[in-house]
Structure formats: C-alpha cells, structure tokens
Amino acid sequence: MYFSYGIPRGLQSIRTDWRASIYSTLIIAASFAMLGIGVLLYLNVVHISRIWLANTTVSLFLDQGISAERRQAVLERVRADPAVIHAIEVSPQEGLSQLAGKLGADHGLMNGVDPANLPYTIDFDLSVDERANIRKIAARYGALEGVGEVVYAERALEKVRLFLLVTQAVGLFFIALIVLSFLFIVSNSTKLSLHTRRDEIEILSAVGATRSVISSSFVIEGMTLSGAGFLIALGIAWVSYQLIVAALIWNPATSALGERTLFFPLKMLLPAFAAAVLLGGAGSHISVSRMLRGIEG
Amino acid sequence: MIEFDGVSKSYLGMRPVLENVVLRVKRGDFLYLTGVSGAGKTTVFKLLMLLERPTAGTIKLNGAEVTALDSRQTAFHRRRIGMVFQDYRLLPRLSIEENVALPLRVAGLPRVQVRKRTAECLRWVGLEERRQELVQVLSGGEQQLVAISRAMAFDPPVVLADEPTGNLDQNMAHTVMSLLQRINQRGTTVIVATHDLHLIRSFRARTLLIKDRAIHEVRLVDHPDSPFSPEAERSLGAVPTG
Amino acid sequence: MIEFDGVSKSYLGMRPVLENVVLRVKRGDFLYLTGVSGAGKTTVFKLLMLLERPTAGTIKLNGAEVTALDSRQTAFHRRRIGMVFQDYRLLPRLSIEENVALPLRVAGLPRVQVRKRTAECLRWVGLEERRQELVQVLSGGEQQLVAISRAMAFDPPVVLADEPTGNLDQNMAHTVMSLLQRINQRGTTVIVATHDLHLIRSFRARTLLIKDRAIHEVRLVDHPDSPFSPEAERSLGAVPTG
Amino acid sequence: MYFSYGIPRGLQSIRTDWRASIYSTLIIAASFAMLGIGVLLYLNVVHISRIWLANTTVSLFLDQGISAERRQAVLERVRADPAVIHAIEVSPQEGLSQLAGKLGADHGLMNGVDPANLPYTIDFDLSVDERANIRKIAARYGALEGVGEVVYAERALEKVRLFLLVTQAVGLFFIALIVLSFLFIVSNSTKLSLHTRRDEIEILSAVGATRSVISSSFVIEGMTLSGAGFLIALGIAWVSYQLIVAALIWNPATSALGERTLFFPLKMLLPAFAAAVLLGGAGSHISVSRMLRGIEG
C-alpha cells in the first residue's frame, strides 16, 4: 500500500501543489525554530548558571605548624581525587593578600593582621558533576589528618540552588507553553491544508480507496514536510547559535561564557528528527481519518 | 442484481427527494434513468454508491445489503461500481493518465497492469495520445471523456453514467454510447442517467422515469421521433420536436 | 460590436487552438458557436472576457481594444459581459441568491436594488422560492440555472452562454433559450456555444463553426431534421438522426 | 466598497467556512502566544535583574573624630536626597560585626582588629532610576564636609552591566528570531488559506470585481481573525503570567521576586492589538494582490 500508492502519490502531491507545500513547510519550520530557540535558551541558561553561578571553591585550612611533608601529602591526596579540579596551595602571605583583594575598599582593615597567625590552606574546585556532593566531600577532607577546618560557601550555594529552581520551574512552564503552541500551530496548519483537499479525499473514497490507502499518501506528505521543516529549523537554530557564540567570544568580557555554551547534542537531534517526522505523519493520519469519518457519515 | 426496497431519501431538513422507491435491475441490463432537473437521478446513483445513505428502506447489490457495510467493505463495494459523475470529480492537478489509473492504483494493482489497463481505457475515448496532459487544462468535453474512461478502468460489473454525453459533440457521444453498449454486451450492467431524449431515441433501451419522488417504468413506443408514449413525454417536460 | 482580427491562441507549450481568427458580431446579434469537443468554443469566450490573452491579433468590444485594458478597466469590461460558464463557476458555500447577487454587489450597487434585480433574475429560471438554498447541494441542472441567472444579473449588453443547456431537461432548456431570445430582442448580443444540433434546430439562428483552428460561417438549410448543409453536418461530426 | 461589500462578505466568509477560520485563528493565536511569552520573559529577566542584581549600596566613611552634630547633619542631608533609599548609620562596632559576617568562615581573621581604628559609616542604596548615576552621586557625597572616603562596589556594578548587556543582546537576537518566525507563520498560513480560495478569487474577478473590491473582503477577514488570535493569545499569556506569579509568591524564597514581575502595560497592549489587526489585513491584502496579478497574467 505504501510502496505502490502512498509514497509515490505523497511525493507527487508535494510536487504538484508545491506552493501549498512550501507554505506548510515554512509554517512547520518556523514553529520548530521557535520551539528550538526556546529549548536552547533554556538549556544554556541552566547549563551556564550551573557552571558559573555555583561557587564551589573548598578551602582546607591546614593545622597550624603542620610539617611540610604532611602538607605535601595532603596536597597530593587532593590532586589525585577525580572529583577535584584546580587544586592549589595558598601560603599565609598569599592568603592575606587575597583576602585584602576580596575586601576591596575595606582592605585597610587588614593592616592589623599578622600573617604568622594564619594557616596554610589548600583551595580547590569540584568538577561540575560532583558539585552536588560538596557536603560529603567536605566532611571526608575534614576527617583527614593535618586538616583543621574545611570551609565552602554554603550560603552562596543555597542561592544558586534557588536560582536554578526558579529558572527551571519558570523555564519548564514556558517551554510547556511553547510546546503547546507548537502543537497547535502544526496541527491546525495540517488541518487547514487538508480541509482544502476534502474534494480529493472524497474522490479517492468514491473510487474505492480504503481509509488506510487514502491516509497513506497524506501520511507520507506530512512526514516529508514535517521532516523538511525540522531540518530547516535546525539550520536556522545552528546559524543563530554560531552567530551568538561568535559574538560572545569576540567580546573579551564574555568570551569565557561563549566557550561554555551548548548546542543540541547529536544524540538528542536524531530522536527529535524522528519525532518530528512521526508527528507530521501522525497529525496527517489523524486529520484525514477524522475527515473520512465525516465524509462517510 | 440491484434491488431498492422501499427506499426513501430526504436530505437534511429538506422535503424528500425519493419516497418508497422500488427498483429491480438484473445483471447485464442496460437502462436509462430519466426525469426533469432535480428529480433525483444523481441521488439514486449516490445511494447505490453509498455516497449518501437512504433515510429508509434497503438497497442490495448481488443480494448483499449495502447500507450494512463497514468502512472497508464500502471501499470494496465501490470498486464493483464504475461511476461517471455528472461533475466529473477528477483531480485537476493530475494528468489524464493518472486520473484514469487512480481506481487501479488505490486498489493496489501492480504498476505494469495499471499502465496496460489505463492505456486501453484511454484508447476507447481517443485520449491515449494526450495522456500526459493535466486534467485542469482540458475542455469540458475532454474532461467528461476522462471521467468515462476512469469509470471503466476497473472493468466493474456495474457502470453508472450520470449525464455522460452532456458536454460531448454528437460524434463523441455516439462513440461513448457504443462503448457502453459494448461493455453491456460483455455482461456489465449499465445505467445511464440522462434527460436527453434524443440520446434515448438513438440508442433505445429500457427507460425508468423519476417523477413525483417515485420511479416509473416508461412504455416505449415505436415512433421515429420519440421513443415514449405521449403521456411519458409530457411527464418528462419534453417539448414537441421537429 | 465584437471584432476579432487575426486572433491566434496557443496555450503554453501546446499546439495552437485558434489561428488567425476573424470574427464580427454586430450589436443585437444572436448566434451559435459550435464545433467538436476541444475545438475552442470556450477559448473564444475566455479571450473575449480577457480570462485568457490572445497570442496574436486584436480583440475589440465597441471599438475599444480589450487587450490594452488595465486591471481596473478589465473589471469594468467584464461587467459588460455576462458569461454562463461551462463549469458554472459558482461559489458553493453561498446561497443561490448570493451567487446571483455577486456581480451586483461587487459593483457596489445599493442593497435594495441588488435584492430587486436578483429576485427578478431568479424568477426567470424558476428558482425564486429556493433562493436561500446553498449552491453546493443543488443538482447539476439547478446549478446551471443559477449560473444562467447570474449572467443576466447585470443586464449586460453581451451574454456569452457556454453550453447553457447541457444539464437541463428539455422543458427547462426551452425556457432558457426563450429567455435568451427575449433578452436578445431587447438589444442584448447573445452568443451560445453548443454542440447540441437539436438545440440549433429548435431555435434557429446564425451559426459559426470552429474547425481547423478557424471560425467558419455555417450555411443554414431548410430541412426539418438538420439546419446545416450536409457538408457542415459532417464537419460537426454529427451522426444522422432519426 | 468596504461597507457595501467587504465587511458583510468578509464576516460571512468567516461564518460559512468556520472550520478554516478556526484553524487560521488558532495558528495565529499560538504564534502570538509564543511571541508574547518570549517578549514577556525577556522584559521580566531584564527588569528583575536590573533591580535585583544591581548591588548599589554606597558607603560614606565619615572622618575619624567627627562631631555627633556633623554626623547627624550628613545623615539628614543623605536622607533628604530623593535619589537615596534605605539610608542607615553604622557605628564602628556594627561595621566590624557586619564585616565579620561578610567574611563568613574567614571571620577569625578579624580578631586582631580594633574597632577604635574604624570610622562611622553611612550606608544607603539608590533608587532604581538613579542607579546609572552612581558615579556622579558618589563624587557629590565625597566632596561633602565630614565625609572621608566613598565606597561602592564598582566591580560588581560592572558585572551587572555586563550581564544586562549580554542578556539584552542575546535576548533581543532571540526576540528578533521569534518575530521573524512569527511573521513567517502568520504570512504562510495566510497564503495557505488564500491559496485554497484561488477559485473564489478567480470567480470574483470574472464577474467584474476590481482588485480592491476583491481584496476588501479578505482584508476584513484577515483583520478579524488576526485580532481574534491576538486576544486569545493575550488571554493565554495573562493566565500563564498569573499562574507563575502566584507560584513565585507562594514560595517564601521567591515571593519578593514574584512581586516585582511585570505584565504588558496597557499602553503597550493597545498599539499591539492595533498592529495585530493591521498585520492581518495587510497580510491578506498582499497575498490577494499577488495572487490576482498571477491570475490576470
């Protein structure tokens, strides 16, 4: 049925009524583009805020008067940890000047502080995947011999968590709305283009075509147009993405941001393409079937 | 073969078109269905094709009740009837050939067979040379020939021709009527709906008249100008010819 | 009034339909345009209506060259011609009344006048009772009557009727032809395209034949069965009647 | 022309082919909804980050040993400034404990600091409108008698400015894309629905309608459907907005955020509605005119 009638007829239909095909494809492409843009924006906001806003620097304050060997052993232990990135040792002098830097205008306050009172510290960051486990990791290092206090910005972490929560909730709500709008647009444009081909469907039915044969050519047509729309939208999204990343990287202030952006991964695109094609086919099938029930009374 | 029993039809919210119609057509019959404009000729064909459902009564084809058919059976039922629609019902953006091939293709016939049969049907109406042309650019008469050709494509046991010569010149009309007679001689049941008394005069056959929502048999008389009794002639609203 | 000078027409990429056609129609003429299916009858009408443009030659209406008209003038030109299209060209979702009123409404006539004129045109074809019905549910013949009615609505100086009786019963065909004759007597130029020799036989008038891409005048003879000379009859592809 | 033919015929068309009208309206509504959601999200992100992210606390460090009267005078002067909100006086002791709080885990460092060395400060915030003028305002107060140093988080401000810049640039780019997609969807669905009415247009042309008469009924139809689509989309956007705000306010952590959100102001909605109606009319007019040129050859 599909090979003898549906596929050739569906493709022929696209060719012979190429104007309507172009209009439908562009509607679908634009809807996919809107959807893709929404999802991409959301993914990047969550991704980048997860990386950037999370200040997960952990400071291990080593015991006062710790031996140089022990210090070295702790440092090596830290560096060997796969959860850890960017581990560095900070001497009391460096620590003091860093603190002065942090205080900014208030740096005058540090004048009375004696570096001899300060401990050596080891500062490190956690890899993105391990950031959720910061508490456990901190506790683990706190129990280590030679480590006095373990410090990390617990409060800042809470803020980031809240930010992510709000962003995700609001973002997902909006994405749900966009998906709904998208489905509305695609289904109504399918209905609109089929509505005008009621004649054709009636004629096919009158010459003895079964429902599934009639639907087959429309399913092929719907799948092709939807797939084409998806690919066009993907092209638009990709070009937009490249433009934005290029603009971000070009500006030194945002170049690090630009390098952290995401495009849709391939393992997401292939199922999405398949879904788009199926969606087009299913939409056409449903519309045609509904129309046929109407025609047959 | 075709049996209408007590068939009534009224379109939604309109006065009835047919009331308690009884009709018997035997396999291999050739007959005319006539009546004034709006009498219900097309309606009878549509009922038989299941394009409309009767308000009351039963319609049988080969003893099987057609109104009881489900969607799939309806499709197979329609393949047993070739209909020439009064308004042709062609797909304008397809070529002549593709339109004629349509019933064969949707039935899933192999490509070679479709091509062979299509060529044959087009030869009968003299369109095989022009088979690539789009239907939408054809003249009225040419479209009618395509519609006739398509109705024959399946070689169906029943052919319903609704005003098949209304847009044809006399020569072409003669060809088409001869064609219908020829397939009838091979066993096909043929019903021609027409109000063209000259046609009936040239190709005499059993004639049914729809009048006052019922179907009547018309008595044929042996008169060179009119095949009908004066009474039937009057019901048809015919003006005296010649 | 209507002048075709050396008019040729070939549709895109096809062999020519008309070649070097010369035609003169005087105001108040009543004439038939005949020819086999696909001869070019509809094409002649479409050229005159500017629905198609000639490949060569000039067409004049009342001395003004129609091919030189701009978009706005084309609209006004078309209001001077009432055409009954072979395929009716009605808007199926509008009522009978609204279809007939269409040319009047798009011309901006006041509502009262539109209603009055529409009722009058519908009365001529016997549809005034059914004016509220949708065109899409009408029978073939009823639609043809609506198309005829619409062509008269503007009371145009020229009426072109393309196969206006092809789907009408004899009685209705007679009514329509009488109507055309009546408006012709009031000064309207009427051209009827038809291949129905019986029609020409009943309402004799000057007859033009399209043959071999040219228009020929047909000599009328005084014979009860055929109005044409045997030669013309042969060109028309008519089979001997009776 | 519009009163005798265009308006009645346009409205009738909507009624008689109500299915196609519904399909078109829903396509338009969904596109407007997507557009509206995008714009609303953008407006709110910019608006809220402008208010919330901008840490514009200004600290006036008063001269060591300033008289109590003079301190009072400066405070009153600050409080009288319309650009200023939340002005408070901070004593050296309070300042020190605030600083310890800021340092978090590093608070042990402050043990050696003597509050007697610290000055009185006056901390205040700037009203949203005046935040851009922070430099000028700081300089003005620096020149005041009794004020030693003026401190504000210049670096943080730069960060926020950058954030806003990136957000606005990326946001506007995406909004441009959404607007383009929107126009594509609306224009193509107009073309699609007109394409199928080529017959009607041909018939009107054949019975002697001028181009403007033919277009008039389609213009009315396009305006009505587009306006209806706009209103439906507005309803969707409003309900979504209310839901999100309610959710934000319901959570104590985000309730302050929820209270700061914006919906489209009325003075923006009225022109937008007019634009939607005009867009629908213009789109139909252009499509019909182009088609008519095609028909007339």
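Labels A, B, C and D are assigned to the chains in the order they are written; within every chain, residues are numbered from 1.
In the analysis below, a residue touches a chain if its C-beta (ideal position, glycine included) is under 8 Å from a C-beta of that chain, and two chains touch if they have at least 3 such contacts.
Predicted, not measured: the structure shown is a model, and the values here were computed from it.
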Labels of chains that are neighbours to chain A and to chain B: none
Top chain pair, ranked by how many C-beta pairs fall in contact: A-D
Chain centre separation in whole Å, for chain D relative to chain A (CA means): 23
Chain centre separation (chain A, chain C; CA means) in Å: 67
Computed distance of Cα centres, chain C from chain B, in Å: 27
Where chain C touches two or more other chains at once, by residue number: none
Shared-contact residues (touching 2 or more other chains) in chain A: none
Chain contact graph, described as a line, ring, star, complete graph or other shape: ring
Pairs of chains found to touch, sorted by chain label: A-B, A-D, B-C, C-D
Complex contacts: residues of chain C adjacent to chain D: 49, 51, 53, 71-72, 74-79, 83, 85, 89-91, 93-94, 102-103, 105-111, 150, 154
Chain C contact footprint on chain B (complex, rising order): 11, 35-38, 41-42, 86-87, 137-142, 144-145, 162-163, 166-172, 174, 195, 197-198, 201-202, 224-225, 236-239, 241-242
Chain D partner contacts - residues on chain A that touch it in the complex: 19-20, 22-24, 26-27, 29-31, 33-34, 37-38, 41, 59, 99, 103-106, 109-110, 112-114, 117-118, 149, 151, 153, 155, 162, 166, 169-170, 173-174, 177-178, 180-182, 184-185, 188-189, 191-193, 195-196, 236, 240, 243-244, 247-248, 253-254, 257
Chain D - residues contacting chain C, complex: 1, 4-5, 9, 16-17, 199-200, 202-211, 213-214, 292, 296-297
